[in-house]
Amino acid sequence: MTTITKPWDDVADKNVVLRFIDTNLKGSGQVMFQGNALTGLLFLVGIFWGAIAAYTITVAIGAVVGLVVSTVTGMMLHSDDDSMRIGLYGYNGVLVGAAFPTFLAGGVMLWIYLVVGAAASTIAFLAVANVFKTWGVPALTFPFNLVNWFFLLAAFQFLRIETSDLSAGQFPQHIGDASVHAEITFSFLWDTLFRNVSQIFLINNTVTGIIFVIALLVASRWAALFALIGSAIAMGSVLALGANTVDIGNGLYGLSSVLTAIALGSVFYNPSWRVFVYTVFGVLVTVVIHGTLVSAFAPISLPAGTGPFVFATWLFLLPKKKFVPIQHDTIEGGAAEGKDSIAKANG
Amino acid sequence: MTTITKPWDDVADKNVVLRFIDTNLKGSGQVMFQGNALTGLLFLVGIFWGAIAAYTITVAIGAVVGLVVSTVTGMMLHSDDDSMRIGLYGYNGVLVGAAFPTFLAGGVMLWIYLVVGAAASTIAFLAVANVFKTWGVPALTFPFNLVNWFFLLAAFQFLRIETSDLSAGQFPQHIGDASVHAEITFSFLWDTLFRNVSQIFLINNTVTGIIFVIALLVASRWAALFALIGSAIAMGSVLALGANTVDIGNGLYGLSSVLTAIALGSVFYNPSWRVFVYTVFGVLVTVVIHGTLVSAFAPISLPAGTGPFVFATWLFLLPKKKFVPIQHDTIEGGAAEGKDSIAKANG
Amino acid sequence: MTTITKPWDDVADKNVVLRFIDTNLKGSGQVMFQGNALTGLLFLVGIFWGAIAAYTITVAIGAVVGLVVSTVTGMMLHSDDDSMRIGLYGYNGVLVGAAFPTFLAGGVMLWIYLVVGAAASTIAFLAVANVFKTWGVPALTFPFNLVNWFFLLAAFQFLRIETSDLSAGQFPQHIGDASVHAEITFSFLWDTLFRNVSQIFLINNTVTGIIFVIALLVASRWAALFALIGSAIAMGSVLALGANTVDIGNGLYGLSSVLTAIALGSVFYNPSWRVFVYTVFGVLVTVVIHGTLVSAFAPISLPAGTGPFVFATWLFLLPKKKFVPIQHDTIEGGAAEGKDSIAKANG
């Protein structure tokens, strides 16, 4: 597809070790829907840059471990080879691996927990993909979120896993004036634009965001463009609504919107003006759903993750043209019907 | 179908503007499963009556705006024309439009929020209807509830949307004696009987309830009868269980039961004694699920909406006669099987 | 199948009353996937033993009432006869019947509540089984959990049902040192091994657990073996993670794991080394999900029930060999497409 990576692709196909590395890099790239090894490599570069800058190198190491473990799990489960080779068994694991050290602590037991979680993310991917294939819709990063939410919540009950980086439980409160009135400078807007992208891998770093956009450019100009469009629209709408400025500046309100914009605008639909308008609307709904999850998860201390992207994108992929819904009329064959109606139904 | 509306139907079919109005009125009627313009018009009359009486005219205006926006959204998405003409793209939007001004405040931003929510309800309808068509079951008002719950929760995070009419978060507490021991007079029972109906559109008004029953009568005598049966059974059972008398009197415990009764008793099954018994049981379960949602939503300040109706009615529409469930026996083709079993499965 | 029960089977087939008893006993047995009347009878014996020992005979009586009510409901709904005869309409009801008197109180109204809940569990079984049949996956005990969670939560709103045995709502807190450091003696391990089994029917009793294992042995040696394997692995892993020792000793962390082990290791997959490894992994995930539900349900006072088993087993049954997921590529026919694309799609 992309000519830049052609020499590598030729080599990777012939060598078992390189092929394994290639599969893993593509897994990293699939977090933003790009089965491209160079994109995936640049994602990892960006993750290491941001993790080192924040003195949280375990996040980057976790990402690599999670990526490899989930990919190997996919191999051991006799999964479909073609889907394997383009990285579909790795993109949830790399996120699990970045998320656990971000929110949890705990030495050796944490790493065992991470390995189990990354392997479980592949099981979850196969399960969720099977269910949603019924409606021609992909699993997206729901398997990551499922594993992330389940394992983070469970950690409260385990002494050997620490949950100190999860916020304390509280009832949802309406946001106060003070959380909203910060100075909106050019540098704030610039940082937010790219941190909305970097936070997809749980990294809060402008340079990482720029690296990620370049990584997208390598694979697809449309993807890079829609990433920035999604980021800008999310930023504008959430500033207009008046959300927490610290969270906005850290890219938390935009990460899901960036993914929704790439998914709807450049991956699952062919770019067009209609699709552009549909995508913009999808981004607005993603911003709202991020607010939803922040409130809904307040009492149980969970982060929203990429959940808003998943729910919004499913919502916008499921409607079909000329779809005929079930009518408000008699449904035959229900258990409430009498024996006679059985005869009628059979006869 | 109904001869009363025949002259109108003939005119409406020939004029673009009248056809658009007709489609919207039927959308209003479909909240209680009646694709009938006069029913829908009377619903709107009842809403305005109740909203004006309570000095909350924005609820009625919101209902009309939500109705029109969601219908237009359906048109722009190239939806199925026949389903459009009987109002299936409007019944969630009209509820979104009545609900937002009931629970939120906020000037211009609220109305933008409402327009986005109403448009999103049509996307959600197409998505939910697509999923549940798999089992021959309709979307009901789940799209409204989804949008309502999502947008209300999100509003906590937005300074420009006020959530002052949502109750404060709290843990579920067992109801105290004081909340239950009110005087049960004839006027209490009479008001409750009809407020159970009026609250479907978030209106707390006896006259509105009577107008709604008349609106049902215009389209279907069975629907009107089952609405009152559902209301009476809900009232009786919840008084016997000992629930909050203020909530009962305001029609909150009955609104979902009325919808369940109409749906199971007169719309999706053909009326019969078996179906009547099944419907009564469905109403009892609806009452319980209302209690469930009141408790479950206590920590996150959400109203139950018509959620109890949706969950109960799905539960009672999904069982089929002579259905053969998956047995407790070996399932072939699982990812846990070895390569040999692949051979066996394929061979 | 099992020669021990052959004489009984011959008699039961010829007499209406005995056949009804046989159907009910098999319903009891199906809680652990055994359509075997002797297994079911021994389960009931174990329940009565444990309930009498704990002065909570109502739990055992409730179990029998729930079993009979749900089975009769299945008959009245013209359910599939073969599934009926092997007990598939009773296994959720027997659990509902044991659970309600465990967590609720309230005289006559409680028993009416229990009868409604048990009947609703059969409706819920037919509904859930219909939905999950789409992916070739059984309903498991999800219908029980659904009814249990719904009716327990609702009880907070009803004066005539007491919820004094449900814990008070609280935000999830990280477990303290004190809850973990108990003395782990041989007798603690022995008791836990069998209470993990007895708690499946909400009984906290070592002898009951032993009776349950014998009951499994009657029907399937593999089932009995995997029950003990699941129990041991759950115990070991949760002690290593450092969970609440009182809960572990009462069998709460193992009950779902025992069911997962029987289901994956001996029922739905044919025993093999691959399946054994897969099952062990499934048990680990079950233990984590139990922790998840304990945290998630803390604010709303709910018990986890057999929910962790259901979610983990679904997760491990849904992945298929050589499954081809939806690719990250254009999806045709979406509502966002223009009219032209309609033409293209149709042409």
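Assorted remarks:
In order of appearance the chains are A, B and C, and numbering begins at 1 in each one.
The definition used in the following text is that a residue touches a chain if its C-beta (ideal position, glycine included) is under 8 Å from a C-beta of that chain, and two chains touch if they have at least 3 such contacts.
Each chain and its UniProt protein: A, B, C = Urea transporter.
Note that the structure is a prediction, hence the values are computed from the model and not measured.
The angle of the rotation superposing chain B (Urea transporter) on chain C (Urea transporter), based on CA atoms and rounded to the nearest 5, is 120 degrees. For the pair chain A (Urea transporter) and chain C (Urea transporter), the fraction of shared interface numbers is less than half, so the two copies use mostly different residues to meet. Mean C-alpha positions place chain A (Urea transporter) and chain C (Urea transporter) at a centre distance of 32 Å.
Across the assembly, chain A (Urea transporter) contributes 77-79, 123, 126, 134, 299, 316, 319-323, 335-337, 342 as residues in contact with two or more other chains.
Contact residues of chain C (Urea transporter) toward chain A (Urea transporter) in the complex are 77-79, 123, 126, 134-135, 171-175, 177, 180, 240-244, 281, 284-285, 288-292, 294-296, 298-299, 314-316, 318-331, 333-338, 341-342, 345. Against chain A (Urea transporter), the residues of chain B (Urea transporter) that register as touching in their complex are 30, 33, 35, 77-80, 82-83, 86, 88, 109, 116, 119-120, 123-134, 136-139, 149-151, 153-164, 168-170, 264, 267-270, 272, 274-275, 278-279, 299-301, 316-317, 319-323, 335-337, 339, 342.
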